[in-house]
């Protein structure tokens, strides 16, 4: 019988056989999941898993939602086993606690693990979760299943498994095409624009990949090599600029970071990527002394126009209310400095999500730039403001600790003064 | 400050800084683990994790045991949280059940997950578990930690992540060297012997690798292409044999399967590997019709000499007791057939572990060969007996199901008769 | 002194040193060539060669012409040596004949050989020749130098050194970009058009590369997999078409062949490429039965409008003279058939260069298609006509021999009749 | 008709067809060569070339000699054409000179070029020449053919085509196996010895490859990283030594250079290889300051015992004649220094071939070491003497020029004094 499709063939026979032996002929996807979980043999399991993935991908959107709901209902915890494990546990019995842990595991988690046995399944499960996240918006009852995915993905996409790659003009087109699609901060308008960003000698692009999904970037960062801290993105993206010799660059500007896989939401890679790229660039180009971002403040106007309170002066609030886009540049800078330094969430961390990300990584709030992003999007969100965060290897840890433990924000004297704060924190040696 | 070691440098500062900020100067590895689990910042976590792995590897054997014991004591479940999660759960509340699941997770499991964030950590964790398994023999109280490792490894080494590779004479020497070391069934005596097994046109070797450990095979199988079902391993391993043209081979004999990583004990790959290799060979060499193993029965004599009961005749038992190695070949064959077909474990599965493995995969017990492995080891364990298991694509599933659900053993009429059973099972269509 | 640039450094010292030791400080490129030829040490030769290439590339166009002229004048044959070798030779003395051969070698040939010692020089020499070919148009006295280049290139770009590669969507962008640039038959309008031609399942693109110039294709062919012999290129290039399953294709249509390197003019690869691609496709897709081109007749109108004589009827000639583009389709087909079968060069081969190429490869003139290429170019050159040449493995050799030795043209009965010839050649078994 | 062997199939048909069309059925290899040269079609040429190579390789040794003789006789120059080209040439006519050059080319040269069109032919032609070189010893009349091979190889194996590769423990076994075979200076006794030489952190091995022969090294050099200039090879090859940290090494000792392909005799790569390796090591390990060889003097005793004259003192000659291996170490050193500095060939270059090679590359004769190679071979050839040649980037060019133009030998003061010469050359700044 040997033939090309031997393995697929076996897998199909096995799946069909498994069902026939249970007296069923036609099966729905929920039943397939049931079989996958109940089957003890790995051979038929693989075939069934493959069939579940194929079927899911062929379903229409509402049927996919129904599938998730079905899973959520059907493959929760085994309550009898859990009850018994609870009864069996008493404080101090770690063995019983582990039994309880496994007894309390929802069957849906094991279902996802078994689906992942199929070669190539990981990418398909990431896509499956991105569909799930869409449905989650209207079906909060799916949050349990989403927890299962996130828990497993956070283990499977551990930093230890990832590989960093340079993306340049000798990268395969199928990957470059995805970079165009996934750029989320400063749109790439086509192949010519892309060429500028990956093939110019003073531009670099780095991405993380998972070895089981070799043609799909997970996250990427775009870097411009310059001779000063950029204050506006226009000059970085300009088509007609003359590239500089990278060996003469003193500054690396991280001007865009994009997460690529919506199915990996909540799994964080950016922190690792920035530090890794700083490390690679520093090794390659010894003249580089300054590593800095040019970052958006996407929520600035939303905050200033509706959420701001005592952080702003009356005059500022009034200008915002009346003038909107015509506030004088100096005032915009001051509002931004106050927003970044004073606006806080209930948890005590800064309100701005981008600032929170970089401060949490140990960066310093270095400079506020007005008229830095004059795209319609940039005006609409932030009156054109962009911010530099500085990564200084000597201070990263102290900043990280101070922010993580005391929510203390590392900022340059210039920005502090702009926000109406004293030039330095008492006894601060870090900034 | 930028320099080659920027990243490592950051990592070290971060780790040292983290400790200093807590007022400690010297730390033991247990304290480092404590920090790794308590730290919320990922940057310092990575540095701490690296330091834990380095320190563990530098410890002497008894200190490593002490480390595991310390982990087991210190990083069990958080009992207060667990108690509260138990109180919060009632039947039907899947949300609370998930909370309970995570509350019952021993902290040691999260510790291993965080260690795996370090680039290259996976291989080091596999080695760590192999050390743990040694200590487990004398310290059963470490079984909980081992459960954590196995649980995570079974997820990280999912079939979907593995890649199959052909090992041949263009494989890097560092990998070939490991094949020599890891061969567990028929020792490879050196590079010349290895060359025979990987570079002869009628010999093949396939291995599974995990992409995060690219130079370490996980499991490999050795195949001889022949024109009949081999009845003895000597002719396969002979140095002076003349290779046949692989295109004229009708039979693929799987004469050796070796697991390479003791740290992955309990994570099963063999089943997938055999079927994948059958599939690849069938596609490449259409003349191949028969896929069969030549397998040992490592426990045969131990069983026959001390555990056998009604499965054997009085005459057999007497011959074994008196004659040992001088039992007539026909009787050895009959004893083996009875052993394989009739000797069972309490669970109802067959006693022989190799038979259990292949029958569980859906293979057929095809033939018993006497004088098949005349090495001292082969005589000592099994009077020189080896067994062929046949992988027949058409019957794999039915056999698998029959064995998995009813412990029904698929065997050729010849072997059944040899064991004193009727030629066929009533209504059996599989064999 | 060791440092990054050790080798370059040595090379430069060597070159400068070599000149200083001869008492010169500033040198022109001709003098450098002189040094390269006279120097016996390979070390300084390498440095000098590098400097010659660098200098040449920095010259303006007219200086490059002057350089070639200088070379032609300065590095001809060594006449004294040649005269002496002539005197030394008499019939039957092969040793003296070889001496004569080397004595008659122009020094410019050895100059090119020595330039090629520089790593990466081959690509630069190909470019140098493309410049030379431009100047040759106005400077016929450079034809000797061009002969040297062609002679060496034909040895260096021997079929045995070339490698075939499939170009697809996982090919690096830097190579794909060159495919866009080099397509000479049916322009590729951008990356989307390219994607159609290389990434659609029923489209293939194959190219030859030289291993010393790994990112520069030498020649490539584009193939469409179809279910019939295409009669027009529009349907092949249509953007909105639905791809077919390649496994169901019966016909491979070679619809474009482009030479990429003008510097390799006169070095022929197309013959080998087509046959290699036929071989690869036949192996991969067993359902493919027909291998056919869809080729232009770029000189048809030029010939018909000014060169045609007795090959055409009076009516035809009159229609051409009066109506030009409005000749009825049937007549266009007949004119084309007569052009391809009857118009000959002085040497006896067919007039049409594309027909000459395919007939010389052993293909059959299979079909004339009117309204096949309605692009402005297609109309202008050939009233929109395209031609299918059929590659039939069984007949290739006989056709090739018949054309090579007797200029006998293999054509389908249909085309022969169209040209007013008998349906078959007497005794012809090939078509 | 499409099938796997389409291309081979075509090629065979073509070859058979070509012969049939000439009315022949059985052909000898000489006739095939005749056909290859006369055929104008490239298709049948490729098939014929393939057949010639196959046939040659199947011939017995004496038939191969006969084949070469046949070629030499049959494919010399076309004398009529040559005579006519001679008549057509007069001084100043470069066009006619080129015609003469091509007319004087022996047909055997074009034959080799055409054979090289077959994919993979280059390696086979190298082997063919190694056979030829064996026969040349007894058949000097084959020297013309050998000239053809050498001429073409020197063009095909131009430095610009070669690639350097590091050989280490991740190199494929098939290449490592060849390193063991080809090591010509200090035998590699097996895989363990090889592992020492390529996998120890303070040992390096570099090789040149031609891209058309990717698994065959052409030449390789073995390097030991040390902290001083090694004076004996024993300590380098010792099995039980402790490797040093390569970053702390100050000296790179080139202790073995081996040419691998006897078929490439006369094509020189060593000069390029050493300089390239110096460059790579200097870039990688900035602490390396000294690049030096540890080289044999294979002809020392032969010269001293039978060829030496006034270069030695009477006492020296007497000691050699009487004592042979028991000459005191100081005298051996002095004899060696005199041998290396004073013994010359008729051309004025030094007598010792190894010294000639390194001096020609610009190295300095740095030190004579007695008791440096105590292997039987080392004693037999050179009383155990080995020599260090120093590659000093600052002096390479001046030394090269001085040796190339005036045969002036760069030697350290120590060695000069040892040879009874003044410490320095008048005005010498190089040593």
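First chain written, first letter: the chains are A, B, C and D, and each begins at residue 1.
By definition in this document, a residue touches a chain if its C-beta (ideal position, glycine included) is under 8 Å from a C-beta of that chain, and two chains touch if they have at least 3 such contacts.
Owing to the predicted nature of the structure, the values given are computational and were not obtained by experimental measurement.
Trainee: Tell me which chains count as touching both chain C and chain D.
Mentor: For chain C paired with chain D, there are no chains in contact with each.
Trainee: Relative to chain C, which chain has the most distant C-alpha mean position?
Mentor: B
Trainee: Averaged over CA atoms, how far is the centre of chain A from the centre of chain B? Could you give it in whole Å?
Mentor: 36
Trainee: Measure off the straight-line distance from the CA centroid of chain A to the CA centroid of chain C, and report it in whole Å.
Mentor: The mean C-alpha positions of chain A and chain C differ by 50 Å.
Trainee: Distance from the CA centroid of chain A to that of chain D, rounded to the nearest Å?
Mentor: A distance of 57 Å separates the two centres.
Trainee: Quick one: which residues in chain D touch 2 or more of the other chains?
Mentor: Where chain D is concerned, no single residue meets two or more other chains.
Trainee: If every chain is a node and each touching pair gets an edge, what shape is that graph: line, ring, star, complete or other?
Mentor: Here the contact pattern is a ring, one closed loop where every chain has two partners.
Trainee: Following the definition at the start, I'd like every touching pair of chains, please.
Mentor: A-B, A-C, B-D, C-D
Trainee: Taking the touch rule as given, give the residues of chain D at its contact with chain C in the complex, in rising order.
Mentor: Spelled out, the residues of chain D in touch with chain C are 1-4, 6-7, 9-10, 13-14, 16-18, 21, 39-44, 46, 72, 76-77, 79, 82-83, 86, 89, 91-92, 94-95, 97-98, 100-101, 104-106, 113, 116-122, 143-144, 147, 152, 154-156, 158-162, 211-212, 268, 271-272, 275-276, 278-279, 281-283, 286, 288-289, 291, 360-362, 392-394, 396-398, 400-401, 404-405.
Trainee: What part of chain B is in contact with chain D in the complex they form?
Mentor: Touching chain D: residues 169-174, 176-177, 190-191, 195, 199, 215 of chain B.
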